[in-house]
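Each chain gets a letter, A, B and C, in the order it is written, and its residues are counted from 1.
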């Protein structure tokens, strides 16, 4: 669950101001981003069509108790003969809805608090960044567990809101730093000097340059939200009558699927989580490389010359064998 | 110049990136540094002057690639060494021992988390393994004194020093092993004018004291005219003119050199009119055909647009070279 | 010094905020689940236990919020966290005191291992960008996207059920009496292998990716080029210049990841029935044991804050810029 930590250290490089629209979409061209978006699209289709695609009613019991995967039950069955594939298909929607809802809510919070804090400065900034730092170090999951278990009936919306409430701080801190550095830029100073209103400056001068950071924060929060939500379902805090991948794992765990060697009961759900998480992380890599070009892997197309820090490769034309020697180093 | 050469660069080519996306940053550069001489390297930003300095010691960052040419170092009393063919270990031993660099912007050249002491002595540790710790410290103190910094700053961290002091520390560091060659890449650009003068005066004094050869890189040609023996002027990744400093000043042959001279006020001597050069330097990926300067040149004529002029002596017997169709006839 | 004092002040405020949040949660929530629990245990609770539960969960309707708040603090400062209903009638403080060493040992050792190992791999793969180590990246990305608890399930399925090399659950052999002797310690270590490896495997990816990115960023700094120009050995440049600086943001990122690591550890404990506070939290959740849940949250938060303070001190030692002098 440490996916998010990779981005914490994102340097304060801000993409060049007023990048043309096409450049802004350039990150879509990267292989990583494209793979990520493809996988995400696959799950999005499942989220919409899952209940129709599901071959069985996920709650329906049958006589095929604890069957290994077969043509009739691709992912096998549970101890009461329920079809695991159907449970996963039907559960996809809950996972994505809560994940994206929480990501959206947390992003709105982090933009409001982070940008305001960075732009206003002074005492307001001190207070707001104190607030986000506090939320940053208080461990989120135990807090989510406690809040969720105090509530009688846990709806998807409530779970999403609780997750959002505990996960906005990370994005807020990065946005604040970015806003601070943007605020000192000449063109923002110029807009201020000509008497543009604060809100116009924030909306038209600052926000467009924060898109990449906001997007990356959103994706990061969605990853966190999905993991938290599945965890809540797995330990039985969330509503277990509502299918999602965590619920599948909850039933598997509480019915000794492990001890009975029923791997098909818990492996598919976990793989789906990992696949979805990987997809989102890949999208975030794409955004990171867009923001910080130093991270881009090989610059040129050629793999013949190996770049090495501090030792510029010498690839003299007419001296065969040289490039390959460099590579084998 | 009758002195023996200490560094000869011939036909050096550098690209940024490989394959179809690569651009040419240096094209067929020939340049010789003589023993004890100060060679100035001037040009606008993007002309390739810093690329040349870093390519010589293979320090160009990715995606820089040296695609051709030779760089020979003539060790005193020994045969020439081809720097571009050295193994990594041999190259490490060559660096700083024979050729050191004072980098542009001392702000970021010093590591913020190490003391001045540790950054001055680690170079001694690497190149003089036999030296004892106390000797290294003594040498570091001596070096600081040499550049006019009190020895108690040895324990300071870079953030505790002023910009001028940091640049002096970099100069002290460059002289630590008493190298034969020191490359100075815009060593004073980031400093205020008073500090620039101080440091330059100090460099002149140190050079007389330690007699190393200098490659001095700057866009400020008036500085070079005062400080260097010979000047090479670069444009679009090529050397377009090289001659003695006073010859360049009195009688620049390339229209670009002339333009550069009229872009900066002279430090001494009669005032000239500042005219500047129209237009902007070309981008590496969109180099004009023929002479790269022709779109901005007031004297461009027939061959300039499609034939690249070669560096040649304008008149036989003169020790200067220029690459311009005003002075050589197209073949 | 001022830096450490500043951080200390910050963590004090954060601790206060966490305790206040803990105070507010039961009071803001609809219904009174604790009251329901108390009436179920009517007769078994003595008056002081009732008083402390009332103070901790705000059941004294006729007291003002401020009075409730001061009452709450006085109970906390006495170390009184109420009674656990799961382990009735053991006080929450005792339950946690039994479990905490297990969690601290598990988190401490695994965090140390994954930090050192992950940072090391990250340094090499960032320095030698374009080498075979790059092939590790997709793998680490995938593993980092796997929830800790699921990896734990897989570990059990493979190494405790299919090939029964390691124990299925628990923190030590139940036939042993906990003591500071070799049979007990070796049994505890043996039981800790699977949970520990699970946590290390999940946590390490974050360190590798973070360190690699920082290495790549720092490698293009001017001072690294200077170090190369000086002809220093590759080791000196890589560790003394690049890694030495790249690790700084990773240490300050520690603050954020610790929350994730601790949360992950709690879940791994749940999966392995490991006798730490995560397992107790799971039991508390199942039994709706609110005093224990809140006690666990407080202890976890305070421990995380303490660990963060340690990380900040390490940072202050490593980065001279935080030490302000004249």
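One rule holds for everything that comes next: contacts are C-beta pairs under 8 Å (C-beta built on N, C-alpha and C of every residue); 3 or more make two chains touch, one makes a residue touch a chain.
These numbers come from a predicted model, not from an experiment.
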Exercise for the section: Please state whether A-C or B-C has more C-beta contact pairs across its interface. Expected result: A-C
Completion exercise
So the chain most remote from chain C by C-alpha centre is B
Completion exercise
By Cα-centroid distance to the whole-protein Cα centroid, the innermost chain is A
Fill in the blank from the handout: So, in whole Å, the Cα centroid of chain A is separated from that of chain B by 48
Fill in the blank from the handout: Rounded to the nearest Å, the gap separating the Cα centres of chain A and chain C is 22
Exercise for the section: Compute the distance, rounded to whole Å, between the mean C-alpha positions of chain B and chain C. Expected result: 54
Fill in the blank from the handout: For chain C, residue numbers touching 2 or more other chains are 220, 225, 227-229
Handout entry: Multi-chain contact residues (two or more partners), chain B
Key = 59, 61, 88, 91
Fill in the blank from the handout: chain A residues touching 2+ other chains are 307, 309-311
Problem - In the complex with chain C, residue positions of chain B that touch it - result: 57, 59, 61, 88, 91-97, 100-101, 103, 105, 108-115, 122-123, 126-127, 157, 159-160, 170, 173
Completion exercise
Per the touch rule above, chain A residues touching chain B in the complex are 299-302, 304-305, 307-318
Practice task
Please give the residue numbers of chain C that touch chain B in the complex, ascending.
Solution key: 220-223, 225-234, 236, 240-241, 244-245, 248, 318-321, 325
Handout entry: chain C - residues contacting chain A, complex
Key = 10-11, 13-14, 17-18, 21, 25-26, 29-31, 33, 127, 129-130, 134, 141-151, 153-154, 156-157, 161-162, 168, 202-203, 205-207, 209-210, 213-214, 216-217, 219-220, 224-225, 227-229, 237, 242, 249-250, 252-253, 255-264, 266-267, 270-271, 281-282, 285-286, 288, 290, 293-294, 296-297, 300-301, 304-305, 308
Problem - Complex interface listing, chain A residues touching chain C - result: 1-6, 8-9, 11, 130, 133-134, 136-143, 145-147, 149-152, 170, 223, 227, 230-231, 234-237, 249, 252-253, 258-259, 261, 263, 266-267, 269-270, 273-278, 280-282, 285, 288, 292, 294-295, 297-298, 306-307, 309-311
